[in-house]
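Heads up, the thing below is written out as structure tokens.
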């Protein structure tokens, strides 16, 4: 079950040109394309004539042309041309989705397109701030329910076990378990921060910056349900006392955007971007950080896919919560409330229209 | 659900020698082989002893010998030898199918073999007419219900979209939608013809014949349910006025036999042969036409497999019929009538024997 | 349905070191490992925290550490450490299995570990008798229910059909069907022997020993339910009259241990070892026999996997028993009795504790 009345990332803006792109979001097959004027469209990826994917067709002046018998649909899914006949049957429509491009991201609204609320799109201005936060984008397909991957990020105590070779290494594991944590419920989700004080710089950080000694590290994460996590992590020399002074200048810093989007009940699209906050004028620094983060996400993929496989086999086995689950638990409370609320509203609407 | 009381193509005659061939027809696993005298046999591909496939065995003098413990069955599925014992239990039989070879095709009757009616086999004498219609044979496995592939052929308006590079190209698409069509219910199925007058020769035709100008093209198709389509297409110089005069000599002509046979509910065997009616003394001409048709069928496969995948996921979604569906609709009426009739007769037989 | 109150082979002892080994036995996912002191442990392969496989973790001093968030479990599945917290919840346990190493084999008891009865482990002292019975070990994954593979071995009349190129060849098939057979119910299973008198040495034997003429061959098999078969086969010069005199010296002899262990309902682990009883001082002789047996088992795999696929598709089709099924039938009687008995005891225990 997925939240419908919200925006999900459907693609990187750069992925969608005039060639149709097939993508499944919240278990709904979708075709994304841009018309001649560059406007985005998102339709159900199924022609209403004989049911083939519209993504097998091509974009022409009037809209998207089915590749099988040539029926054409406009950006709202309305049939506008049927070869060999003038009359267009009233039923000749396919479902369309509200779609919006912002911050290099294609967002789709999974609920009623008439109710799509642009104010709910998560802003991520760093993508446009090339001077201070140059970035690289990626997409990893992961065979697990999207909640498992969000759980993964909401509990960073996995770092010293899963990511020893990159961001989790360098520190004795008790540094992680002694981290100063703060977890807060927010209007749109959960905020979560950890300070790892007096730490040996982990391999990723040490590759970027030549730290003279130990560092104080911050890990800040904000989850905005259903599927966005905005992460800011970094570290500066311990002597700078960043936690007390707020001074985070001059060390290592990176921002990671995670958009973890349901594909099916047991698979998701892991969109991510990595922005570096040091040596911004040299693209090699962006590459350096990306090349550290990417394999780290592949390590997460291994654990989450394993977790999904076992959960599929043993749906009723119990779980035991531990202290580090705090943020994860708040996340699920939040999501469950939103889902329950959406259900209640749907019921009320049904009653009103009855 | 498949029609049982009729013949389906099971193999090209050349495929079946003394080595057993495993093939699934109408979701029934079958082993086909030829005995020492060259006679064909078709049995259920499951030994009644421990249930392994007889196609893992070998053909010996007395019949087919199971490869596991050596039990031998004759061409009617009767057990004729059990190693180490003389008594043959009455239950030691496997189901057999009536099988018949004609026109280079192995036909099987899927109903009661005692009721197999040879007069119902579709004749295709062109296979034997090597002088006028030299041919090449093929088989493509397609992962869709066989009806979808027949639908494909019953609506040739897909040509200018799916087959632009071969038989569908050359003409503006409105030539296709303005084609003069005639569709008729026949005792055994549906006949369907189109004339594309005053057309630019499509790439396939132009490769075969050096036409001086525009041509009149005919496309004739006869569907004989459940699974045979006999196609005759070609084109001659427009000045010859073939539609009025009946004179089709001297241009491009080819005959294609399509036997589209259910393998399972969601897969089929696409047997086809291509015969050329020009330059018959040079095998290169047969190759030329085959090499144009084969990739065309692979293009159809892409669309039909996509259609099946979507139909499997959305079994209840609606379809919208258009004008070009006329022949397709007649085909389904015809098939549904035959299926209903078969069901009624089966019920009556059950009542009589009760 | 599998017998629970007995030992199954889970691994070759040499397979299990300090790196965790994932293996599914009787459809239960298990992790096997050895602690620093070399003691074996077998736990359910699912961390009780978030459900990932413990086999993704590593063995540390205190036990096995989950690779995701670092929880540690001891050899009895008791949680002994949770990073970042002192309190260990009572529910933080995973199921453990009684495990025992003997004769180079890791055995697990699938029932209640408190009731594990070491006296029920099948002894196989030949593995330790390097002087007389040097051996090599193997493991073949087979996609069939384990009973089908045991059936395979309990009916050796398949030799001349399936294994023509190795142990089944050389003799006319009627030598096999005329074999002198003896089949006995034993307390733990079924014993089964065949004498093939006056036989041409089959290819495997002839490669090992330079026989001057015909031989008398014995094939002895003892099945100990649920999953062990101890095989002794060989042949000596017919003039030695081994059947009457008991003198089996000087010819070809080999012992094969078959441990055929359920993985799932439709797959099994085929553990086997091959020991040669001739030319024991030259390892090339062990290799020679292993290299004959291994492809033979792969031939069995083909038939058993085919049998499983067909049984899955046609679960209700009938089978016809023949004379050579005698041992197989006794095996199933024996297994069914044990299963029924286990069910009865479980019911009684449930009643007592109610």
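Observations, loosely collected:
Letters A, B and C name the chains as they come in the text, with residue numbers starting at 1 for each one.
In this section, contacts are C-beta pairs under 8 Å (C-beta built on N, C-alpha and C of every residue); 3 or more make two chains touch, one makes a residue touch a chain.
Keep in mind that what you see is a predicted model, and the values were worked out from it rather than measured.
Taken as a contact graph, the chains are fully connected, with every chain touching every other chain. Chain A and chain B touch with mostly distinct residues; of the residue numbers seen at this interface, under half occur in both copies.
In terms of their C-alpha centroids, the spacing between chain A and chain B amounts to 48 Å. Residue positions of chain A touching 2 or more other chains: none.
Chain B meets chain C in the complex at residues 29, 46, 48-53, 56-57, 65-71, 79, 82-85, 89, 91-92. Put simply, chain C touches chain B in their complex at residues 151, 155, 157-158, 160-162, 173-174, 176-178, 302-303, 306-307, 310-311, 313-314, 317-324.
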